[in-house]
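In the two assemblies presented below, subunit A is common to both, partnered first by subunit B and then by subunit C.
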Partner chain A sequence: MNYTFQFAAVLEELPYLLGGAVVTLQIAFASFWGGAVIGLFGALAKVYGGVVARRIAAGYVTLLTNTPALVQIFLLYYALPDAGILLEPMTAVLIGLVLNAGAYLTEILRAGVLSVRRSEIEAAATLGMSQLQIVRYVMLPHIAKTIYAPLSNFFVWLVLGSSLAALFGVEELTGRAINISTANLRSIETFTIVAAIYIVLTVIASASLALVGRWAFRVKAKVF
Partner chain B sequence: MLRQILALAALLALICVTPVEARSLDEILKDGTLRVGVNPNFPPMSSFGMTNQLEGFDIDVGRRIAEAMGVKVEFVTTETAQRVPFLVSNRIDIALGALTRTPERAKLIAFTVPLHSESMGVITTDKVSAETWQDLNREDITLVNMRGNLSVEILKDKLPKPKVLLVDGNADTIRAIAQGRADALVENVDFFLNFLKNYRNVTWRVLDDPIFVAYCSLGVGRPYQDLVNFLNVLLFDMHSSGEINALWERWYGAPMAVPINPVPWF
Partner chain C sequence: MHHLEIRNISSSYGKLEVLRDVTLSADKGEVVSLIGPSGSGKSTLLRVLIGLTPPTGGNVYIGGNKVDYNSRKSLKDLRGHMAIVFQQYNLFQNMNVLRNVTIAPVKIKKKPREEAEVRARGLLQKVGMEEKADAYPDELSGGQQQRVAIARALATSPEILLLDEVTSALDPERVKEVLDTIRSLTHEGITLIIVSHEMAFVREVSTRVAMMDQGKIVEVGPPEQIFRSPVESRTRDFVSKILSH
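Then we have the complex of A and B:
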């Protein structure tokens, strides 16, 4: 083995990389919550909707979960301008990931909604609970427990998946890593450190999701 | 959780202590195959042609080198940013793809004498008011470039004011200008002219006052010097016989902007 590791060249760019990590988290959070709103409506449409709403939701999920997120963003970023719509890199990536996340979250949330037994809702109504109380004390705990694990998995996927934004000129963690590795040519060192930053990001994300789950819905999630 | 993180860290450590050294000339001759790194999205240097076979200037040069060595040639496709890492990790023996000679890169890999020159110019459209490259040093200008190009770093000094959009491939840069995402590309104009014909409704302009001239060499993995020596001797012959210029004109339709004067000692 003849290679001498030189991490110093990368470590001096650490603030620049961490700035990229912030952008990565912004993309992940924005697409997660944007997707969650779509997912909520999608799930409600699929469970409680009429024929038309169910068909539309099913079509949307089928279309978006069976094509790669990368292809969807390519369409938004490179194909739409030919139709006269010019999206900024970040906008195209966010729209793409929100639509993509919406489709997956529709299915995740649907599983949650289905996990509530009708008899429990009826029992709660008999006890005189209001609609809001039923949602808060009967439905949400069930839903939270069912969807907690797939939801945190999906959030981690979004943190990692946001790296494809680098292909569209967004300066997030992976993009910045490529930038500095082409200047310092220390690819091994650069991407080792970037991998470590991603691990830290996802560990923090999982831990905070676990804390929220435990605190708000008494989900039995391991923090560490 | 902690245990899993430790396991991951251990795995990472294992993965990153496996760089290997390049093959010596003897090893390549004995193996009978020369692995040549070329960029498949880079016409007319190298690209997949009508018959889905690699063709271009780099491909002809690669074949010629293998022929002189008496071995078979194996083309390995590399993206711009992968050229040096592929040499360092011994996935290729030599790297083509207009690899600019720089001291930074020379710390990691070895270079031969120049194969060709590259002079930086500007590709823009009639919508942008600029007569020289200095006119582009304005905040309302967006320069497009490729992640992994050396010019990204150079332009930070020469044109600090414009915004920069970094895309993934040669064709993407021209597309970004055509679609109105960016105003100009400052790069070796020769490498990008081929893509302009994809957008006939755009009035392209090329400002070719050279910003600076650089030299592209064959990149070779370290530590052995024997392959470099062999290639230097061969390149001298190919330059002085006019063979390289002939290949250049065949693929670019014009001679090199700044010719290479072969020097008989290295």
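Then we have the complex of A and C:
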């Protein structure tokens, strides 16, 4: 192999790539939290809801977890304009990922909701807590503790999965890597460095999630 | 009118009638104990009173006001006057002892945190748990958890406190510490409704004892009557079996 690696050309663009990494994290955070809100209601509907609520939640989860996120975003981006709804690429990606994450998080959170002891809910009710207070102070901490590990994994998946935004021209980490490599023709170097940045991102994310878990939920999570 | 009036309360799980036409009252500061075999409806009566199990008939009055178990507002109001301690303690596992005791005053009664904490520490001292204020429930023994649960219930300043077999899940050695705690409550003007199999204790602290069987109250009277000269044969039967242990 007589290929000469030339990282210098790529390293010049490091600030630009790191800027893309920030966008990647923003997409991951936004889809995670947006999805978590949908997921919480989805999980509550699946566990405690009536027939209609359960059916709607189940249909949503089945539909969204059995089609690729990429296809879902394609539909939002290319099919909705026919119905008169034009979305910016970033908006389409965010809506798609939020809906997709919401479906997966519904299932993850459902396991958490099932872990809440009925007796604690009753105790909270007899102390005079409202339904909302019971969810906030009694159920959520239990749910968070139970689903901590799958949730961390899912967040990492979102950080990596957000790279599909590049296909729609969103300039996050992968998108910017494509921009650079088409200009400098140093694809191997560019994507090696991008891979390294992704590793750093996910390691930092996992470690900080583990720290938050230890501090907030007394979970004995491994930091490394 | 009595402070707590239970009039013709019934409750069913499906077709099974768990409570049948139960009528009972308690004056302020009274200690009324419910005894009877397992499945006689004692715990269900407490669950109905605090609004965890819906009654299918009858009414409950507190201080002359009728409780509407179908109204959230009425339930919230009720739970400002009444608290319950469960057999399995049911502490919030994700909160330390102090937070278990302060959560209701702070979040529901909107008391300032410092004030609630000072009061909570006082209550924890009363139940002998002030040194464990920062511990989590899973670090405590059953008896300790139960004493915290009593402090948590007292933190809402209840006029009526329901105690549902609070020593049944405890080691014999731990029973005494919890009973001592309850004994200290009997002269504070709180109306206590106690479900218990600790007959000696029931006999000692109760102002009146109600014998239940098959969802009905068979006999109500002062402890001397129930334990020494019961009127009903079912009571005599039950008491003699229990006391001959």
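Operating definition for what follows: the second predicted complex is superposed on the first by the 200 of 224 C-alpha atoms of A that agree within 3 Å, B and C clash if a C-alpha of one lies under 4 Å from a C-alpha of the other, contacts with A are read in each partner's own complex, and residues count from 1 in each chain.
One rule holds in what follows: a residue touches a chain if its C-beta (ideal position, glycine included) is under 8 Å from a C-beta of that chain, and two chains touch if they have at least 3 such contacts.
From a predicted model like this one, the values you see are computed outputs, not experimental measurements.
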Winner by number of subunit A residues touched, once subunit B and subunit C are compared: B
First, second, both or neither for A:H142, with subunit B first and subunit C second: second
Touching partner for A:W215 - first (subunit B), second (subunit C), both, neither: neither
Which of subunit B and subunit C A:A166 touches, first, second, both or neither: first
Partner chain(s) touched by A:E120 [first = subunit B, second = subunit C, both, neither]: second
First, second, both or neither for A:G128, with subunit B first and subunit C second: second
Subunit A positions touched by subunit B in one structure and by subunit C in the second: none
Footprint of subunit C on subunit A - complex, ascending: 117, 119-120, 122-130, 133, 137-138, 141-142, 145, 217-218
Subunit A contact footprint on subunit B (complex, rising order): 1-2, 5, 8-9, 12, 16-21, 81, 84-85, 88, 104-105, 107-108, 147-150, 152-153, 165-168, 172, 175, 179-181, 222-223
Partner subunit A, residues of subunit C touching it in the complex: 50-52, 72, 76, 79-80, 83-84, 86, 88, 90-95, 103-104, 107-108, 136, 152, 156
List of subunit A residues in touch with subunit B within their complex: 1-3, 5, 78, 81-82, 86, 89, 166-169, 171, 175, 178-179, 181-185, 187-188, 192, 195-196, 199, 203, 207, 222-224
